[in-house]
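What follows is a short report on a single structure.
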Amino acid sequence: MVQVDRVALLGALLFTAGEPVAKERLAAAVESSGEELEGLLEELARRATGVGLVLLEHQGRVQLATAPEVHGVIKTFLGRAEEARLSPAALETLAIVAYAQPVTRAEIEALRGVDSTAALQTLLAHGLIEPVGRRSMPGQPIEYGTTAAFLERFGLPNLGALPPLPEEVRQLLAARREAH
Amino acid sequence: MEVSTRFRDVPVTVGTFSGPLDLLLHLVQSRQLPVTTVSLRAVTEQFLAALGPIEEAQPELLADFLAVASRLTALKARALLPRPAAEQQEEPEDRLVHDLAVYQAFREAAAWLQARETAGFRSWTRVPRLWPEPRVVRGSPEQLTRALLRWARRCRPVPRLLRLRPVVALPTMIERLRARLRGRQTFRVLLGARPTASEVAVGLLALLTLVRRREVVVEQPEPFGAIWVERRISDGAG
Amino acid sequence: MVQVDRVALLGALLFTAGEPVAKERLAAAVESSGEELEGLLEELARRATGVGLVLLEHQGRVQLATAPEVHGVIKTFLGRAEEARLSPAALETLAIVAYAQPVTRAEIEALRGVDSTAALQTLLAHGLIEPVGRRSMPGQPIEYGTTAAFLERFGLPNLGALPPLPEEVRQLLAARREAH
């Protein structure tokens, strides 16, 4: 029997699934260890660029999507209406969730200095953020994180593709987190 | 007068700011200043001047703007009022500088996201096909009602947090203090009965302005104690 | 301007289209002659094998699909599928269709306040909703309703068995619809 190319197999599985698939399931399907899988996915991502696709990775799940470079033609082709633009308040809140996740509403409001209820609701309705858990502290506030749809909407393969925050800001954030 | 003309050079458009830190950052950047204690002090008057129009445009946000206004005013006061040496060691105002620096970084990240959005630089995923066989979704009726309850909560208008009296403009407050000052009085009495948070913030700034104009002298015998105000005997009369 | 790889562009277009696409449409989208297109499609088919996909051609239409060699694994993979989970956006849309049917896309979007194309497509793909008619008004928009499969998968004997909504939510649904 011909040895099936496991990279190709992963591509076919992700193509069929359409939605994000947990890495454990993929590893089981191609009978690989988690470490081997990483290598296979890397090779798949490399081959996918040749057919205009990228591999999105979010919270241990992967998904095939079109490369952001070809967005213009696709939009015309699909006949998609112009998407509603996010307000500055929503974008600001989204940026905070993206970098500081998991993050509570109170933390977002402390960072923005302003009530963020409406901005959070807009982002939830657009499916760009979602509740990802509850903070273990009095009141157990909801923690928010970004979704796979966020990566898709902004053409990011994963959260690591966000531009890094300035070093001093990262330190300030870390110090604040410890203080809590 | 330096103080009053300075905040006219950068007109502030009301209603375009996503919050008090956005306004503050805008004021600092309009003067091409870095985010420092000194630059925050420099834009304090301008920030307070913008409170009135903001209350008209977005009254529900005023409480948040006032919270920053009071921190700014405290920071400004530290620079203008003499303080015991022991007080100088701690610099709690750095906290506002840090907050603004962190906010600035997120603003820039938001601008980066916005640029990608404007350029339409996005990916598209694929809707799962029915072939070879659909993945089965199962759920419960209660999930549906919960989804609608969440939706209904979202539909409700954001409640107005506070109804506050209009913010007093700085020149008005200066006039008010001048008119009320009889002999030697405490700042608290000058403010009148039950002043609002904004009146305290603007009042303190008005007082500092009067000090700088050499119209009054102030004395604070103990830290955080009562501030005594007295009309300055003009050089001509003495 | 960066020269976009037209083969990759075709791959991305066919990936998002999901269904067979007429060659003329493809040629127009990548600004190629019919002859050029054949060459591009040939190269796409070659690259696609690397990611486990093949190019199907039928009556002048082409489509991306999984390679036949991997069907066995895909079937096992899908058979073992963890239950697919609807996103909060899809669930909300489904709830609106269930309680307010028959309902048009415009009405759903007015109620939710956001573009609901993706959510509707997901629900259609899962066979939970279907077009049930057309509204007699200008444009004759499609009306959606829930399917028999929806009842079965949500454990309902009929639509009358949906739990009653709080009065306030019922009024909100009715008021918003009328206002539209």
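Letters A, B and C name the chains as they come in the text, with residue numbers starting at 1 for each one.
FYI, contacts are C-beta pairs under 8 Å (C-beta built on N, C-alpha and C of every residue); 3 or more make two chains touch, one makes a residue touch a chain.
Because the structure is a prediction, the values reported are computed rather than measured.
Looking at B-C alongside A-B, one finds more C-beta pairs in contact between the chains of A-B. Comparing mean CA positions across the assembly, the chain most remote from chain C is B. Nearest to the global CA centroid, when each chain is reduced to the mean of its CA atoms, is chain A. Taking each chain's centre as the mean of its C-alpha atoms, chain A lies 21 Å from chain C. Chain B and chain C have CA centres that are 47 Å apart. Distance between chain centres (mean CA atoms), chain A to chain B: 33 Å. Touching two or more other chains at once are residues 15-16, 19, 64, 66-67, 74, 78, 124-125 of chain A. Shared interface positions of chain B, i.e. residues touching 2 or more other chains, are given as 124, 126-129, 132, 135, 154. On chain C, the positions that touch chain B within their shared complex are 12, 15-16, 18, 65, 71, 74-75, 78, 81, 83-86, 88, 91-92, 94-96, 98-99, 111-113, 118, 121-122, 125-128, 153-156, 161-163, 165-166, 168-169, 172-173, 176. On the chain B side of its complex with chain A, the touching residues are 18-22, 60-61, 64, 67-68, 98-99, 101-103, 105-107, 109-110, 112-114, 116-118, 120-129, 132, 135, 154, 158, 161. Interface of chain C with chain A (complex): residues 2, 4-5, 7-13, 15-17, 25, 29-30, 44, 47-53, 64, 66-67, 69-70, 73-74, 76-78, 80, 82, 84, 87-89, 112-115, 117. Across the interface of their complex, chain C is touched by residues 124, 126-145, 147-152, 154-155 of chain B.
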